[in-house]
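First chain A sits with chain B, and in the next complex the same chain sits with chain C.
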Partner chain A sequence: MTADVFIFWFLAILTIVSALSVVLMTNPIYSALSLAMTMVSVAAIFVTLQAYFLAGVQLIVYAGAVMVLFVMVLMLFDLKNELQAFSRGKFTGAIKVGAVGILAGLIVGAVGSFIMAGKSGAPVTPEASTSADATKALSEHLFFNHVFGFEALGVLLLVIAVGTVALSRSKGGTHAKH
Partner chain B sequence: MTSMGSTSFEITINLIKLVLVFLMMVQAVPILVWLERRGSAFIQNRFGPNRVGPLGLLQLLADAVKFLTKEDFAPEKGNRFMFYAAPVFALIPAAIAYMAVPMSVPLKLDGHTFLIQGFEINVGIVFILGISSLAAYTILMAGWGSGSKFSLMGAMRASAQIISYELALGLSIVGVILLYGTFNLTEMVNMQQGPLTFSMFGYTVTSSYLPNWGIFYQPVGMILFFAATFAESNRLPFDLAEGEAELVAGFHTEYGGFKMLMFFIGEYGHMMIASGLMTTFFFGGYGIPGISFQEMHQIGLNLLGTETLASIFNTVVHFLSYNLKFAIFLWIFIHVRWTLPRFRYDQLMDLGWKTMLPWALANTMLTAVVIFAASYFTI
Partner chain C sequence: MPSTSFLTDISINHYLILSAILFSIGMAGVLLRRNIIVLFMSIELMLNAVNISFVTFSHYFDKVDGQVMVFFVMTIAAAEAAVGLALAVSIFKRFKEVNIRFFEHLKG
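Let's turn to the complex of A and B:
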């Protein structure tokens, strides 16, 4: 077993275990922290795939900013442990069965396509490139090929931010007297 | 390469380096604590610790023994797992981020090249920012795990402050990245070699005595970056987390003994990252003004004779140069702490969002326009 294989299996198992514990933990704060752990280990997997820039951005944006806000807000609530990890009921049961079906289909599809690709020929090896080139290629894709989509997304985020401020300030916002 | 290495020799060397850089960081903390206590005493016209050993240097050893032998206690209402995990996590982001800072020219021995940094990563800045942004979790975990209102309020303040200043911190570096055109810290250091040279519109102005350091290109970026790193490492004038009058000691109110010492090491680790990055971005890294790496190698060759010894000489001299600059910034951190009073919380938020963020944005835009103009109108 070479070092690469060891690191891959270590990170893969870490990612899956922490992703599972997001769902299985009964305490919401543990769930949020497990989600942060999942994001960190996904970033580590990006590093092993030599996508350094993506790994850094994953850490800064998701693990470092978004999830910290989630955890902060969760800690302000007086949360108790849920008695059971899954709710009961016919309607939610149907949703659960449907979700399990979709997950099983995804796994079968992924394994099937992997086997088919294995039969059809040699595995696809990406061209060797330094990460500086990869960062440059990413920015060229974003700012030349998809510049309109990128700008539209920026406008959408701005609209969301303005909308949030407007909602929170309407009727006196957090200082409203009921 | 940036990976762990292909042969077992390279992997072993890299692992040893990881341990060495971590030990360097941890060993620097007692010296910094001593400097902080003696320095604060000097500033406030007191003596400071001066009884144990020469100049009070053995006080650190006595402190360490005291910390180790203290009673280990945890609050009853808290969450034991989080309470014990938080101090350990406090060490990790600081230690990993400091690994990526280059500290000297590569050492060449028997055809091997040893980089004097934990590991070289091509997007060094993004990596360091990403890793050190994880520090907010440790504060939140400590505050929540303690099960005390003061701890939780302190944690909320500290993490809100860190998130707010991360924006200004990230934006203040964008100008530097635009200027050098790379994310790689070693390449940045190499670009700051030689005398100060401006080239614009086909003209080139060279200074005879100033070094080609980033501070002359990005003075506003330098000030913003340095101020934001004070906030990021939770030190005065930004140590709102530790408002003794209203919050006892912030997120580490319930901690004692070695657990509190680990938070201390984490805080000093952030100071070290900040000083290392200041040196690398704006003050020429490990370079020495007026003399290039090759010239220093030549001096070593003349002095010592063999190529190997010259390489060792070169590395050691530049390592000392890096550490001198590094120590100067650490001293500024300590001096500021004992000079300026603490901000009020609303002043802190106003400074972050309404002053530093617009200035950083303006600096980014201005730098982009100037760099575009300089490259566009030359022909």
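Let's turn to the complex of A and C:
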């Protein structure tokens, strides 16, 4: 078993366990910590896929900015352990678990057929490039071919920032009495 | 008996199945939890699952379009979290509670 294989399985198990604990923890602070763990391991998965720049962006944006946002809001709320963390209702709960089960069954079918098929075809792994080359190719693609989307995202972020400030400053938020 | 080569040969399928499992966990969280904050966290999980499959395809087909799309998804995710949390704060100011059932008061 080579190092690549070991790293993949380690990261996969770490990601799945921490994602499960996001959903299953009843204290939202523990959910936020597990989410940060998930983000870090997803960034490591990006590194194994040789997307070095995206791994850095993932760490800064998700594990940094978005997690700080979540934790700040949780601090504002001052939540204790919830009395009723999960939705109630036997019938709707059964429907929800069934829907998730169908999706999980699809996954198990995919895994099964994949194992039964034996080998999965030789993976066409491109030759390893240095991180500088990969980042250069990515930036050229982003700024030559997708520059309109990039500018549109800039405008979107500005609108979102203004809208968020307006939403949280208005008296009563969305429930302002007229 | 199935062969154990899937344990030692990491291929594109492994990454895609990991992405699908992560997406299912996020979907279960959205459907089953009541806390609006944990709901947003589950949505982030689903977006991350999609990001993993984008990067996987980008790596195995040697094209960078997938990684550009991951940039866009990350931006949208950050914006969505900001607006959603602002909404949650205003719900909390009104009801002192962040349970999802208070969102039904938003209609009308």
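Everything that follows uses one rule, which is that the second predicted complex is superposed on the first by the 137 of 178 C-alpha atoms of A that agree within 3 Å, B and C clash if a C-alpha of one lies under 4 Å from a C-alpha of the other, contacts with A are read in each partner's own complex, and residues count from 1 in each chain.
The criterion applied here is as follows: contacts are C-beta pairs under 8 Å (C-beta built on N, C-alpha and C of every residue); 3 or more make two chains touch, one makes a residue touch a chain.
Everything quoted here is computed from the prediction, not taken from an experiment.
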Based on the superposed arrangement, let me know which partner A:76 touches: chain B (first), chain C (second), both, or neither?
both
Is A:168 touching the first partner chain B, the second partner chain C, both, or neither of them?
second
Could you figure out whether chain B or chain C reaches more residues of chain A?
C
Quick check on the superposed pair: does A:44 touch chain B, chain C, both, or neither? Answer first, second, both or neither.
neither
For A:64 in the superposed arrangement: first (chain B), second (chain C), both or neither?
first
Is A:14 touching anything from chain B or chain C once the two structures are fitted on A? First, second, both or neither.
neither
Just to be sure I read the superposition right, which of the two partners does A:23 touch: chain B = first, chain C = second, or both, or neither?
second
Chain C-contacting residues of chain A that also contact chain B
50, 53, 57-58, 65, 69, 76
Per the touch rule above, chain A residues touching chain B in the complex are 3, 7, 29, 33, 36, 40, 43, 50, 52-53, 55-60, 63-65, 68-69, 71-72, 75-76, 130-132, 135
If we count contacts the way the header does, which residues on chain A are in touch with chain C in the complex?
1-2, 4-5, 8-9, 12, 15-16, 19-20, 22-23, 28, 31-32, 35, 38-39, 42, 45-46, 49-51, 53-54, 57-58, 61-62, 65-66, 69-70, 73-74, 76-77, 79, 82, 84-87, 93, 96-97, 99-100, 103-104, 106-107, 110-111, 114-116, 118-121, 123-126, 137-138, 141-142, 145-146, 149, 153, 156-157, 160-161, 163-164, 167-168, 170, 172-175
Residue ranges of chain B touching chain A (in the complex, touch as defined)
2, 4, 11, 121-123, 126-127, 129-131, 133-134, 136-137, 140-141, 143-144, 152, 155-156, 159-160, 163, 166, 170, 182-184
Can you list the residues on chain C that touch chain A in the complex?
2-3, 5-18, 20-29, 31-35, 37-38, 40-42, 44-45, 48, 51-52, 55-56, 58-60, 62, 64-65, 67-68, 70-72, 74-79, 81-83, 85-94, 98-100, 105-106
